[in-house]
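After the structure tokens below, expect a handful of questions from me.
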């Protein structure tokens, strides 16, 4: 089943490829587990003859995942699940340094976004990787001719899993999808530890404010809320948690956090972080 | 300068000696630095020909200090600095297992206390170890005939150092005293880390109460207060600090503790711990 | 359905009743939720006409639970689920101060233990409270004549739930049992926060050792292990976790604990705490 | 003593003034103590008739200090103590929005740097504010004609205080200087809490790496080292401290940090942070 892969692409600036390559290599140094998987893929070639359409954040971490799949023998077409997170240098590097088809430009508009999804689907995928269910949705609406060829897929995020669950319940989902979102390690790294740190990374950059000695109000004590509350405490803040679920609220209290309704917290907080998924709390 | 030491003693119950020995040996296992010092003393014999009168808590830790001094060649007479902390088994073991003169009975009355101090001084000490300045005070009042023979001494605690400083200022102190109390490691182990843990040890035993989720009010943020506040936080409490020194209060705030006057803290606390040295705060 | 309750009992020392009453009242002050439930029970009398046989730790906390049930109208017979935890003063107070039938003596032998279980069952219970499944087991073996009268029960602990699940699977369980053990708040208070603190309470009393600066090895990172590891950290220890479940091990690592196999941890630990349920790790 | 102040300046881009003003106002919201001082200065006008030459980091925080001094009646000339930290928009705003003389351009070369210091000194200061002792040094070398007019000054940083102490010891310092550096609050905010957070702010931006689960090696356990170690722990790292002072090393150990020589730490660390002031540790 030997094939000659043709690399297609729509990226912002090919000249950024070498800069992007350096960043991808830097990220690789912090992804030791993926490195082991890549080594195994390179030996076992489990994806030989498989075409994958992936709709994901086009970042250095995704790039390394793509390289691992390619090492495993896959033909890949990557498009962006969110144009705002697309790193143009990473996209360029994937095309011009590593020979992977990429359709992604930072901040592209709605039409461009869907054009890119369709370009990725042109690979006629047997496997699809989705992050938000847009790729799967296009397959089930305007590109139904491709569904027969799709064996299975996986979905990364909560929103996507909710949409897929509804489709499955309605009998509308035409191929099996794995809910990557629901794994323990996803909750740990992405929600608890990842969001915990990245929230404060963003606050540091936006406000240039010292957290120590501040009263930080965290709305919600799920995985993300726990992560944010722990980091706030670790940075020297006095932490107030608001939470409508009584068991979670009790858990927050037992961990030494102050717990109160937002109506009270609003009066004393210096910094408010909502991790409920809602803007109005 | 060989001498035949005569062991004198007044302890509660010689039959407790073997039990006391086991406890002293257990404590020794957790005093590795003293063990090294003892080994050096055993080789160098720096105290040969020296008589030491020590007025200290008669506990397993003090016992090991006495054994190190004895290994260094000292003749020792030990009395209790606080009869309430005297461990009768430890006292018995020092006399009957290790051959050290001890004058200490748990809960002895005021007359017995001073009788013991005088018995210890009967050794005609060249060196004195004090913990609260009572031994030095007796020397300077009713046993002045011994002062000429005293070369120097050391004092363990804050109260004792305050009394000695006043005596020195008044020109009344007749020999040099080292303020052991003022060393960094004393502040660390005794005040910060020691008091931090032992306070909660006592609270566990007295109240049988879960600390997690409680509001613990700590009055004072000196070395002891820091230690207590850190342990309260480490046990899952929400910690409130009251402190009249503005710099220390600011430091507490920057470490994530709530800081407020006691008039406010009194209304919300579940548990109150005063580490100011005053009963009324 | 008015009944004249006859109080029966087998306790160690009736003279301890007034001391036990004081301790029960102290514990009540720290059980505000139960106080609310008791108030509601006193108004609604949901247990009027119900006989309850309870096999639990005979402690001040259990005593308050019994008082709440009695306030709700129940007739109660209490026996001990573990003779070693029986507080003789609490048992005496329940009988002589509060008029509840109790069959419990500290450190009673195996025969006495089963005699007490049978005495409690003599109440002919409609409801059973168990902690370890021994009471339910006696009902299903030597006291089968009572089964018909039992409506339901509840079980407190993991071991008991395991035994009950096996019975249910085999079709041998003759009435429904609620697995109290499996509630979120049980995991929180009993396993995570409760065991976390009480483990160190026990270590303080047994060893008189400072935890700060020690290397504490915690074997297992389930609810109990998390609680113990968090408290060890909060007391100033360097904490090493051993855990065979890779996801839990990863979670421990992400929380800043050192994670390694016990073969390595054994060489560096000062203090070892196994929370795996196994003696040999 | 009415004077007509002439505003002189050398800044990069006047067009940045309005942007700089917004940032200065944002910073002001987080400087409540300075706001109170400014209000008092505005009433009491303690600096009326005083000319101040200030050599400091030209940032939004410094800008607010300048505005407080100006509110107090001072004539000010500000130059940059480190051209790399100069914010060109802040500099422009001070000149064009607030009417303060500023001589500072980001990344100016050595000649430009000294030209700016001299321009600031042209104000013929009675008071000097220094950060690193360069301004005082210029006064004592090439601008000695101004010394007679200088009443006093203050110095911000460790390096500057070391240089001044040497000058004072040699009898070379011609006017009194206050060592702001040596105050408790400077150690707290600048060294411990400030450096603790800003170090990780920088690491987040430079490496995009998750700290949780990493081994962070902190070289030095002074004020800065403590701050960095605490934040590393608070972010979920396992923290290793290297420290040559035995008392500080012991303190680190008692706080639960691993302590070892750098020769060992080098083999296991993921991230190395030196807060010793030396590059080679």
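So that you can tell them apart, the chains are marked A, B, C and D in the order they are listed, and the count of residues begins at 1 in each.
We adopt the following convention: a contact is a pair of C-beta atoms (placed from the backbone, for glycine too) under 8 Å apart; a residue touches a chain by one contact, two chains touch by 3 or more.
This structure is a prediction, so every number in the text was calculated from the model and none was measured.
Ranked by distance of CA centroids from chain D, the top chain is C.
Counting the residue numbers that touch the partner chain, chain A and chain D have more than half of them in common.
Averaged Cα coordinates give chain A a centre that lies 40 Å from the centre of chain D. With centres set at the average Cα position, the gap from chain A to chain C is 44 Å.
Computed centre separation for the pair chain A/chain B is 59 angstrom, with centres defined by C-alpha atoms. Taken residue by residue, chain A touches two or more other chains at 189, 193, 212-213, 233, 236, 250, 254, whereas all remaining positions touch fewer. Partner chain D is touched in their complex by these residues of chain B: 184-185, 188-189, 192-193, 247, 250-251, 254.
Contact residues of chain C toward chain D in the complex are 212-213, 233, 236-239, 250, 253-258. Chain C makes touch with chain B in their complex at residues 26-27, 30, 60, 189, 193-194, 196-197, 201, 204-205, 207-213, 230-231, 233-236.
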